[in-house]
Amino acid sequence: MTGALDRRALAARIAHDITEGSIVNLGIGAPTLIADQLPAGLEIILHTENGMLGMGPAPEPGRIDPDLINAGKQPVTELVGASYFHHADSFGMMRGGHLDICVLGAFQVSEHGDLANWHTGAPDAIPAVGGAMDLAIGAKNVWVMTDLLTRDGQSKLVAECTYPLTGTRCVSRVYTDRAVFDIVPGGFAVTEMFGSTTLDELRSLTGLELA
Amino acid sequence: MISKTVAHLEEAVAGIEDGATVLVGGFGLAGHPIALIDALLQQGASDLTIVSNNAGNGDTGLAALLKAGRVRKVICSFPRQVDSWVFDGLYRAGEIELEIVPQGNLAERIRAAGSGIGAFYTPTGVGTLIAEGKETRTIQGRDYILEYPLGADYALVSAWKADRWGNLVYRKTGRNFGPIMAAAARTTIVQVDEVVDLGTLDPETVVTPGIFVDRVVAIGERAWLQDGAFVGSESAS
Amino acid sequence: MTGALDRRALAARIAHDITEGSIVNLGIGAPTLIADQLPAGLEIILHTENGMLGMGPAPEPGRIDPDLINAGKQPVTELVGASYFHHADSFGMMRGGHLDICVLGAFQVSEHGDLANWHTGAPDAIPAVGGAMDLAIGAKNVWVMTDLLTRDGQSKLVAECTYPLTGTRCVSRVYTDRAVFDIVPGGFAVTEMFGSTTLDELRSLTGLELA
Amino acid sequence: MISKTVAHLEEAVAGIEDGATVLVGGFGLAGHPIALIDALLQQGASDLTIVSNNAGNGDTGLAALLKAGRVRKVICSFPRQVDSWVFDGLYRAGEIELEIVPQGNLAERIRAAGSGIGAFYTPTGVGTLIAEGKETRTIQGRDYILEYPLGADYALVSAWKADRWGNLVYRKTGRNFGPIMAAAARTTIVQVDEVVDLGTLDPETVVTPGIFVDRVVAIGERAWLQDGAFVGSESAS
């Protein structure tokens, strides 16, 4: 995996593409790392679907407020300019197309932009969708942050998702540890490769025609 | 004189019947009405259907109610969490029913119940397992599924302060489902830190008007506040 | 019209039936007179559909607040315990069945409880429905306050409305200057008559079978 | 640094095109964005479709825009008022189109547009002229009609205070359609008495979060306030 970005570096790479004034939801899991990588001095407003705009970083020790958590149920803080609202209003913001960007994790992304990130489909799995389906269809730009390959070497970029879908034709860009892919009418288009990664290598790893 | 205040938790949850459907506020433990759920546990109602975002965290609140075998079915968006061992065990043992609703559809279905909307078309869940068996429609070139209201017999809500008319204010992300659940139940029961004098809450900043509230019980100030000011906590629960 | 109640007396009669703790919307026009007749010392909460619970009486001279008006766009005041909310929330309260009582004026009420009070149907009339249709279908109890007869002597209580409807099967009680009528499965039932009014007289004036 | 504040009314209404659909806040004159409408009148856009509860009062605000012949169509709940002579004259002369929407359906259609709901079933208007040509459905024994979202290119809103992120608070019944209209337009333009420093508005009491707001212009304190305190007025307008 020569030249692959680690998660923190990938988070920083994504943060680089978020412009001032954007309203951004960072989902749960790995995308939350992006918050700490946002350029200092730029005002970027974080939305958390449990009812807040203007979410700040984790609190100092001893200053945890159990009434102030993010979508991952971790303690957070309130920035100057913040606002609170109830769940119907919060999801109205998403569904109504008011968020500029959301960044989600993925099990699979298809070349049509279909996303699978909530359910492995395993018969003994306990399903849990949370706000993922709402985010997938709601934000103006849905980006995915993920390793290119699963732990056992399968490509997460696929022709068609085999896991249950979270949303259809919703992802516009995929940031992986090896490369950045835009989803265009013909499928995945590589826009940037990290380290020594080559297009041939990506084609081989994904088994896909990549533009 | 209108007074929705009741003196004891026991009185707050009186009359909740076996088989009732109960909306339970909270996102994780923020805004989760633990005192009311503990009282419901004592009260003994069983065969309950619970509508809540999660299916219990740790061993308190909803998790305790589940553990005691009082819940027949959970309707929620996100049961599986790092600390949802009680639900996980019951589910794997086939001892509890589960209906998964995407969080935004859950919130909107609850709002619809409270505001007299018969059904609505939502884009969330289109083309997924959630859409199976549901009516779909294309409107202005976008696909939607039809979802129905989700009201209940009771709502258990945790707010910050109330007055005797039942006007409520919440605290930070503890607001979450409280306002929409309060409107969507036949009987809405609220735990608050404190019942303040009528007129103390600014009419501009009341979040849940008392029209939606039936019973209010004061349980004392939350541990991370002192005289209303934040003093902090070492942990999130 | 011997013994007919004047509007103020009729308003007082209606006010008498409103119990403490009720949440009440008094529409626009004549029903707003009821506010001044509510029993002193009882807490009855008035809703105005333009976003307020806990509406108080007209302000003192010079103390008019143009930001504080009722549904008839008249200046009002705020009682202790009041709250404000936006229009979608306000009409959600109605439509969701949270108001105990609303009192509306009427052109016609049918014996099925159909209400016509928004449009004369005249070809040159400018239609204006406002919140009447929402109130008609929303409150738990929809009462009508009206004169029994129009100025030219026609009964406002009818077998079937001939004016365009505001709502169907929504009115439960009609308070008129001559009598009070409940709407029951068979039609109008007279529950109280004012002054020297007799049932035969009401039957004659309305042309209806009255129980 | 985010700043949605613009210095002049002229800048606030720049770019509104001929033929645009514009949501105009207010119930009567409370919350009616008179300064923005006056600026729009100066700006010159015509052939407008206006969505508002009323169709103008007296000779100011929306009434002035109508009088100048800039409005092709009004979508509202209640055009006919004691002081709606401008609209009445245009309507009787056949010079303006009118679509009547019951007030609650109007509010809910605007909310639907802002919150991504494709359509909804409402009981309001069933069995009336309003229902003609509309799809109807019986759900759980109750009849409903199907209504569609009502969004717009622009919203003109009058609030009380804003900060530079566009967070808004309103004043009393002047709130009315503001919050839902702000969410339902591509571009939301707000007049306020004052733009306060970021952090001045309590996050718990922000009514319209800045996410819904594009431009804010301060026009000075309303006549019946002094340094934020109510001093009263002799008349309602």
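Lettered A, B, C and D in written order, each chain numbered from 1.
In this text, a residue touches a chain if its C-beta (ideal position, glycine included) is under 8 Å from a C-beta of that chain, and two chains touch if they have at least 3 such contacts.
What you are looking at is a predicted structure, and each value in this text was computed from that prediction instead of being measured.
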{"item": "Both-way neighbours, i.e. chains that touch chain D and touch chain A", "value": "B"}
{"item": "Distance-maximising chain from chain C - centres being C-alpha averages", "value": "A"}
{"item": "B-C against A-B, pair bridged by the larger set of C-beta contacts", "value": "A-B"}
{"item": "Separation of chain A from chain C, taking each centre as the mean of its C-alpha atoms, in whole Å", "value": "54"}
{"item": "Centroid distance [mean C-alpha coordinates] between chain C and chain B, Å", "value": "35"}
{"item": "Computed distance of Cα centres, chain D from chain B, in Å", "value": "33"}
{"item": "Chain centre separation in whole Å, for chain B relative to chain A (CA means)", "value": "28"}
{"item": "Multi-chain contact residues (two or more partners), chain A", "value": "52, 78, 84-85, 88, 91-92, 94-95, 138"}
{"item": "Set of chain D residues in contact with two or more other chains", "value": "108, 111, 115-117, 122-123, 170-172, 203-204"}
{"item": "Contact graph of the chains (line, ring, star, complete, other)", "value": "other"}
{"item": "Each pair of chains that touches, named by its two labels", "value": "A-B, A-D, B-C, B-D, C-D"}
{"item": "Touching residues on chain D, where the partner in the complex is chain C", "value": "27-31, 53, 57, 77-81, 87-88, 91-92, 98, 100, 102-105, 107-108, 110-111, 122-130, 170-180, 207, 222, 224, 230, 232-237"}
{"item": "Residue ranges of chain C touching chain D (in the complex, touch as defined)", "value": "48-52, 59, 61-69, 73-75, 78, 84-88, 90-92, 94-95, 114, 119, 124, 126-134, 137-138, 164-168"}
{"item": "Chain B to chain D touching residues, read off their complex", "value": "108, 112, 115-123, 137, 139-140, 142, 144, 148, 169-172, 202-205"}
{"item": "Interface residues, chain C side, partner chain B - complex", "value": "20-21, 23, 43, 45, 47, 52-54, 78, 80-85, 88-89, 91-99, 138"}
{"item": "Chain A partner contacts - residues on chain D that touch it in the complex", "value": "1-2, 111, 113-117, 163, 165, 167, 183, 198-199, 201, 203-204, 206, 209-212"}
